[in-house]
Amino acid sequence: MSQILLISGPPGCGKTAWILKHFQAHLGPCGYLRLPGFADEGLQHAEDGGLDQAFLCDQCPELMDLADQDVSLASHATNLLACLEIPQFHHPAESGLAGIDRRLIPQLAALQLMPQCHLHFGRDNELPQQDTLEFSALEHHSLPLNGAVWDPDSLSSFWFELVNGAYGDIFRAKAHVNLPDGRGFLFNWIVSQEGSQFLPLLELESPHGRPTRLSRLVVQGKQLQLNQIQNTINDCLLSDAALELQQGPLRQQQQLPTPSP
Amino acid sequence: MAIAVLSCLHANLAAVEAVLADIDQLGLDTIICLGDLVGYGPQPNEVVELVRERGIPSCQGCWDEDIIEGLDACDCSYPSQLAERRGQLAHHWTASQLKAENRDFLAGLPFSLRRGRLLFVHGSPNSQHEYLLPDMNAFTALERVDSAEADTLLCGHTHRPYVRRLNHGSIRVRVQKPAGAATSSSNLASSEHQLDLPLRRLINAGSVGEPRHGSTKATYITVDEDHDAVEIREVSYDVERTCQAILNAGLPPIFSWRLRHGFEYAERADDAAHVCER
Amino acid sequence: MAMWALLSGLRGNLKAYEAVLRDLRRERVSTLFILGDLVGPDPSCHALLERLRNPRRGELQPQCVVGWWDEQLLAEWGYRGRSRADGLRAAQGEAAVESLLNAVDQADMAWLANLPFGFRELDCALLHGSSADVSDSLSSDSSPLLLLDRLTRMDVNRLFTGRSGEQFCVELSGGLDSNLQHLAGVEEHHQSVPARKVIGVGCVNPGPTAGPSTYCLYNPGSDQVFFQQVVAQRGFA
């Protein structure tokens, strides 16, 4: 018997964190699908760029990708917990399953992922009562950072400036970042919450050049100065030579072989 | 008679004007400047010219030195790559703007000034780059004052104003050396004595042009030796005027944002005792 | 617990080093630290440097740090930016600089250039001069405040130094009251110093007329220092 949940809510309300908590508490297999949301809400959804899925996969290495039709259409494993996540600003018109946006139904039916339960942040008491912000008329930007490695102290300065409004009126910032020692972090911040989350990814890469995992910065806000954000990021990222300068001694400590040129 | 001591003007004309007006209003004739007239801020020529016009004796700060000698700040002064890139950008901009006569004036500034038992330096008696922070080890603070053969050491560089009075202390010293042609620890000459430590004062003047003490106000200090009184003064100034000048000068907008919020342009290493291997 | 042997001031003299190694056979020594001055002006240094890099069977692999003479050589060859061997030039003249350059093979320079400034082991700093500078000459006559500063800079309780060539151990303890006035008010502070030590390890090759060859043993388990003197091998310089 599998259980399929649809979780909706505005950006930053804690959908992914709630889903992770339930995956970690669930004893059987877990599956995840992030749906893109509908643009006609008059609001822009942040292009997640795969950040939430990458983070959940890191934390739950056995997680099934339900976007893969071979997985979603296969007969579901016993005791599967499937969570479908969708960003949605407006409260559903009706309660329970009847509140699911009708345009989703054909897609869910085709994937054979019809939810048995729909929970919306701000409507359903089963979910934490987060301060669900009015994200009206926000711009969003998604900056790819694949292969980029940050100078850790520079990253700390940049994030401080970013979330304190140095580059425009920021509402939400989320990033997967790489450090020279092979660690990756999820940086997560929303204007209504106190402080940032800095969550270490479980998967470690060896200090051997540039990492291959997904890396990206997603920001939402008003009058964001993207050029300045990009300029500062450029000043924070390590060149090949600077990266090797930091990784060489780490490899020696760990007695890893030096890469051949 | 009291004197006014200011430091770290950092090419912020509005702040320097406001502090000088405050000093004038107190009726103080003697002003001493502890350097860093330029760097990061948008009005290097205007600030140097104002200090020259007023005939304010100044020590040379690390920024003044670097503008003359070429970028010499050791890498370990910067806590991050970002801070270093911003520091270098500000350095090159300042160097390109500074008039020859103002550069010559900075080049001629002394490392330290002495007035009786008061010694004035930018960073520490060891180096223009060394930070003497308010919470530094008391013995280290005393060593810096005492080795400079002063009763009171006045410094800047940290951008945080304070007065540290080093009052009562002693060190028990036990010396062991080999006695004669000793070849083992059993034959040692040993002596022991107690050193009573002198009373000394370490005063930091804070920063006029780039405050970093949790407020955007300019800070400086007044010292009245006759009455053994030191006052840390905070002065409001037109921060927006300087922020606009930063943007007009084409300096990075982030400098304007940081100044407006009371953050230093580029953070520095908070370690007075860091070992520089250069 | 096995001991550390600490020596300094070899200044290119392989025979002096071999004499110490013979001496060490009588002791339970686990680690050998050489606190700088591997090269010097008089002999050809190559044989000693080769031995330090490649010890014979049964010999300890020494862990070396850069010394004042090494630093002068590196500076003169341009390894230290714009600095040159100004300290040596001022103290002993141009001829001494020439002798130093002639004493060391170019092939040894890269190895010398990679020597560390110092080591930190347990709560001990192992350096040639001090945490402030390789030329810092700490001795039993140094100001106690200065010695405390050098310990504080490395955040250690023991500092071993070789620059002065003297064998000594200065133990320091005490306290200091201070008050701090800032914009938010006044705070009272008391700083105390637990027993901290600065130890001079002596000099293996002080020159034919400058006294015996000396070094130091240290037991990190018991915190005992043993001042050693190589008696049998005089006049090898």
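Residue numbering begins at 1 within each chain, and the chains themselves are lettered A, B and C in the order written.
By our rule, contacts are C-beta pairs under 8 Å (C-beta built on N, C-alpha and C of every residue); 3 or more make two chains touch, one makes a residue touch a chain.
Owing to the predicted nature of the structure, the values given are computational and were not obtained by experimental measurement.
With contact taken as defined at the outset, there is no chain that touches subunit A as well as subunit B.
Using the average of C-alpha coordinates as each chain's centre, C ends up farthest from subunit A.
Across all inter-chain contacts, the pair with the most C-beta pairs is B-C. Inter-chain spacing, taken between the CA centroids of subunit A and subunit B, is 45 Å. Note: centroid distance subunit A to subunit C, computed from Cα atoms, is 54 Å. With each centre defined as the average position of its C-alpha atoms, the distance from subunit B to subunit C rounds to 33 Å.
Subunit A contributes residues 151-154, 156-158, 161, 164, 166, 225, 228, 231-232, 235-236, 238, 242 to its touches with subunit B in the complex. Of all the residues in subunit C, the ones that touch subunit B in their complex are 81, 117, 131-132, 140, 143-146, 148-149, 152-155, 166-183, 189, 191, 193, 212, 214, 224-229, 231. Of all residues in subunit B, only 126, 134-135, 137-143, 146-147, 160-178, 181-185, 188, 195, 197, 213, 215, 219, 230, 232, 234, 273-275, 277-278 touch subunit C in the complex they form. Of all residues in subunit B, only 79-83, 85-86, 252-254, 257-258, 261, 267 touch subunit A in the complex they form.
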